[in-house]
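Here come two complexes built around chain A, the first alongside chain B, the second alongside chain C.
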Partner chain A sequence: MTDLITAPARRAVVAATAQRRARPIALVGAVVAAAGLPAVVDRYTITLAGAALVLAGLAMSTQLLVGTAGLPAFGQPAYFGAGAYTAALAAQAGITNGPAQLAAAAGAGAVAAVLTAPVVLRTRGTAFLMVTFAVQSLTATAASRWRTVTGGDDGLHTPPITVPAAGALTSPAHVYWYTLAAFLCLCAAVAVLLRSPLGLRLAGCAGQPPRMSALGHPVNTLLGAGYTAAGAVAGASGALLVAVHQYVSPADIGFETAAVTLLAAALGAGTMTGAIAGAVAVVACRDWIGAPTAGHGHALLGLLFLTVAYTRPVTAHARQLFARRSRP
Partner chain B sequence: MTDLLHLDQVSRRYGGLNALHPIDLHIPQGRRHGIIGPNGAGKSTLLHLIAGTIRPSSGRILLHGTDITSHTPDRRARRGIGRTWQHPAVFPRLTVADNIALALPSRSCFTAPFGTDPAPAQTESVLARFGLADLAGLRAGALSYGQQRLLELALATAGRPRLLLLDEPSAGLGPDDIRQLADTLGQLPTDVTIICVDHDLDLIWQLCDTVTVLDHGRHLTTGTPAQVRAHNGARAAYLQPTTTPADRSPEADRPESAPGSRTGGVSVAGLTAGYHGHPVVHDLDLDIPAGGIHALLGRNGAGKSTTLAALAGHLPPAAGTAVTIGGKPVPLGRPACAAAAGIGYVPQGRRLFGPLTVAEHLTAATAARQTTHGHPWRTDEVLDLFPTLHDRLATPAGRLSGGEQQMLALARALLAHPRLLLLDEPTEGLAPAIVAQLAGTIHRLAGAGVSVLLAEHRIPFAVQAADQCSVLAHGTIAMTATPAELATAGQRQQLGHLLGIHHTLGSLA
Partner chain C sequence: MGTVGMWVVTGVDGVAFGMLLFTAAIGLTLIFGVMGVLNLAHGVFYLAGAYLAYLIADGSLLLLAGAFAAAVVLGATAGAGLAVALAPVRGHLDQALVTLGLAFLAADVFTTVFGAGPQLAEPPEVLAGHVMLGGYGYPVYRLVFIAVAGLLAVVLHLVVRHTTAGILLRATVADPAMSAAMGVRPGRVQTAAMAVGGSLAVVAGVLGAPVLGPAPGVDATVLVLALIIVVLGGAGSVPGTAAGALLVGQVQTTGTLLASAAAPFVLFAALLVVLVVRGRRQPQAAGSPA
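Showing the complex of A and B:
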């Protein structure tokens, strides 16, 4: 029986085990570092960090479709916008409670996704990319034209959010901590989803749709459920956008957001933690390092993508070397 | 008792081509039904029609008396139809255990979305039943071909289907794997109905109690194995090779080679190659004279395909590897360079361009030709070798049957004027009559001075086609012998030991 397992396969298992052991430590370290950030950096950087968390939420939503379900989704900013405008309108109507806004925004994102899923999921591959692009640009256009509700290109300004025990959050550090807490809840929800039967089935749909059908799984219904979940995550991230900036405008859900989100997911190479790291890297390059380099943030961003695209084989090789070293 | 499955005048047309003429079949519950026929007879079409991946042009399909003609494949699957494909359809990025979890009868993911591990006990029992327990944590894509086949069968049966459709389950499997397959299928509950398409007639006779013969989309006969074997039409269409393999000696029908073509053979020294830096083949030496035919035998995972892929330039070989053709070194690690140096490659799974027609494939092969060393094959010569392709020139490769695709892949490789032809499981998916023809074809190629290296599971075919056989075990050559030597008892025993088989070798000599 033992010769059933080939040597490369056994090494793959060893490497996976080593990774699995290192992962909790890395996660705890990242969370502690993120929570301690306001103690070491200035107010501007804290706001940037909050913006990075918002983009990371949107990147998770995109990765749920791109990395897990195998759908090249470009339109997640549409559901992000549905959530953001819902939260902003709620805030203007006097509902400043942060968690309530978050729930309403997630619901709005999910409803928008349910309504559009039947149109979008008729296609796959490049056609899917184009249809979701259309959804994104139509939503951005609607946000800019429907002045009576969205305030047009001027956008909507909102009062600071409130949290039940603490009242209104006015200091950037407090807003950041709220955003981080909400973001971690979102991460937990996504992690549970990925480990659920639905998560497994979405991964199955990505690998072998005909095989999924032949096993009796309704592929389109499953993908519709995944699309709805991704819409809810995007919507919740929209509420965090409003919490961080106290402002939303059509520019927040425009083409650049869509492109940067998809690229953050691509940086993540199919994994959820990778997408989050990608989003943080994007904000760091574009806004944090970019500002002192006289607005060359986009050039840096381009360099970042090229670096990742070319070094991926290098990192894979390094991982192998590591696995070979740690072989018993 | 009503039939489990009733095909009521079901037919399928593709444009002007009648893939399947109206057919009427009654299959009662518990029947083990074989479907055989030459390549392109409509066997796979029939399975696709039952599984729902193709809609019939006319007729009705009834399962337990319910009309399922308009049902989608997933709805049919929930009604108890399980299936396998010609090439294993598993989820390559998921672990073996997750593959099985997806195949288990669904606890709805909407009513219980947050259970963390779906039915682990059930998954384990399926894994144990198929001997896959040790592999549970591996990604399915890391499994060998034979293991993927086994996993696919596990997937198809895990949901306890009432009707199991098997499309060439033995393709690409070695003798011991086929025996294991037959055992596994035999152990299924007796109320499971099986419809099995296969070219391995021993498997069909052993497994099936009823056999249907198709030819050119027409129903020839249905009956017990004995009746089918006695049926004249069936014998003419399929069972009887045009010439019996046994009375053909390798040297007899090989044309006298042109003077000088015997010089300039292929030499491989110290070939070490593998995946992601992990060698699968170690320090392999091979010498094939011009016009020589060398067969590589070995169990699944022994390194046969890896050797061929490395020679074809698809895998970077490790330092120290040297390959020469006619004394000239062949640049390694680049498919285009290998092709230019005269190496033709027919991979397992064919790798055809789905939407291109047969004629376009042949044109593309001619246009890309860079070598001037080998026998200058012309398109009409190649079409004479494979007459079936003549009638399919305007057909897209994706629409060809499995056997026709294999012929096209061979034809394409020949048009590049190879001096060394690498054939990976050339008989996979071919009807017995075509297999016998193929041996003759390979001899003709060798007669024209082409060196041939083939990886093969079917020992009788390898013995018949090759003039040297090597057995690979754990990435090295464990023994090399001529077919005549293999016929001796001692060699036969060693071969059986290396391949893990003991009973099929009696028929070898």
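Showing the complex of A and C:
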């Protein structure tokens, strides 16, 4: 039996199996480390970790379109903003229940995505990138101009969220644990979506749109469904933003957020775990390591981008060399 | 009379700003058309030129000419360097990581060296006066700038249409694989396009500094407006870029005067409408991001 496959193929199978076994262990390790964080770091770092989770949610929403559906989406902060302002307005109206805010924000993000999808999905490629950029920019401008509802550039301050049976969450650690739990639910939903028929067909649309239509798949409807799901994820992340900062302003959904989110997805090279790691790395570089450097956070971010972009060709080259050496 | 004059001055200002954006965007469209790379460091090239004008030019035409020459050399070197830096990188998102990463580093250097406040770049003394335009004083420099940028546009258009270099360029934009098969070296054309595009952006910064001066954040403003113009005008087209730049210039000036409440929305609403109406009819740009 073992003679039927060549030695490199066997090695590849062994490596893949080892990777498949190591993955759940790594994931559990990461979750345990994330949950234990408040025990080892100070209050400021806890709030930063919460902000990293918020950006990671937004990056997942972007990766759903960029990595899975092949659409270079720049505008997810628009749906993030729809969710964040929905949660903030609900909180000001007295609905401080966290899960209720989360559900309302996800719904608002999904509705906003459904409404804009027919317009946005008329384009592909660079035109799609620029149309979503326009959607993001128009939303941020609207948030800064519509003072009666959004508070303009001053933003909206909200009371702390409450959780059934635990009351109002005022300590940073409690807010962080709530954010982490909600984020993990979001991850589970995205993981299910990626393995669902819709997720597989979205990946098909990314690779071979003409073949997918020839096989009878309604490509535009599928992409619309994917766009809506991504909008819901972005909206839910918006509710988490309000939970962490108790504040939302147009700056939270601006150009910088959009650029950094898309590049966090780019750091992840098409994978969902990569996008999460990319978002965490962005916040770590810019706000955590970068804070004591007096304004050089963006230079660190630039170094991070360059390092990741150049590590890929180098590792690919090294792998090629290694494969050539080990050939009999 | 006063109102008419105000409209005239605002309209001319829109043309000046549009030509400034044209000079910056034409380099970006060249790079995008030939290499398929959205150069997110393009705004930093402009900012470098603006700081160059602030450093060198101090009122004499000769020093402005010196700054101009320095801009051509610096831009060509930086552009060719960027082409080399992008050579090992595959995929649009990784190219975006590299160009934006370099832009963040360069912007950080500028802020560290020149401070976080805006700097004032004076036009040469010969051109520092005002002429009466519709009852208002209007800076001579801006009128001269419109003429110089217009001349640049005409020269670029003629070069692209009628010279061998222009034909090689258009062939590479239209079909890189076929032009390579015909003996064109795509690598050289790409490096040349990056060098020329970089020069144009730095030159735009030197000449445009008295209109849109050096300050942190100007790089992002120029980049965003130039990206919009490139997408409106179509990759690699000189007349398209000029039309897009003049439109954006008018929206930013006359549009603000017409409807100050709606003005922040007009630019992106126009972009949205143009792209959506054009929709699928436009052939996909070479190697659109996937």
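We take it that the second predicted complex is superposed on the first by the 298 of 328 C-alpha atoms of A that agree within 3 Å, B and C clash if a C-alpha of one lies under 4 Å from a C-alpha of the other, contacts with A are read in each partner's own complex, and residues count from 1 in each chain.
Here is the rule we go by: a contact is a pair of C-beta atoms (placed from the backbone, for glycine too) under 8 Å apart; a residue touches a chain by one contact, two chains touch by 3 or more.
Bear in mind the structure is a predicted one, so any value in this text is a computation, not a measurement.
Judged by the touch definition given at the top, the superposed model places A:Leu263 against chain C, while chain B stays out of reach. Shared-chain residue A:Ala189: touches no atom of chain B or chain C. When the two structures are aligned on the shared chain, A:Leu301 is found in touch with chain C, with no touch to chain B.
After overlaying the two complexes on the shared chain, residue contacts for A:Ala134 are found with chain C alone; chain B is out of touch. 206 are the residues of chain A that lie in the contact sets of both chain B and chain C, per the superposition on chain A. Chain B makes touch with chain A in their complex at residues 51, 53, 72-75, 77-78, 82-83, 85, 89-94, 98, 101-103, 106-107, 109-110, 112-116, 118, 131, 134-135, 137-139, 142-144, 147, 155-156, 159, 274-278, 280, 301. The part of chain C that touches chain A in the complex is made up of residues 38, 88-90, 92-98, 100-105, 107-108, 111-112, 116, 220, 224, 227-228, 231, 261, 264-265, 268-269, 271-272, 275-276, 278-280, 282, 284-285, 288-290. Residue ranges of chain A in contact with chain B, taken from their complex: 1-2, 4-9, 11-13, 16, 192-193, 195-198, 200-201, 203-204, 206-208, 210-219, 222, 225, 316-317, 320. Put simply, chain A touches chain C in their complex at residues 66, 70, 72, 119, 122-127, 129-131, 133-135, 137-138, 141-142, 145, 206, 255, 259, 262-263, 265-267, 295-296, 298-299, 301-306, 308-310, 312-313.
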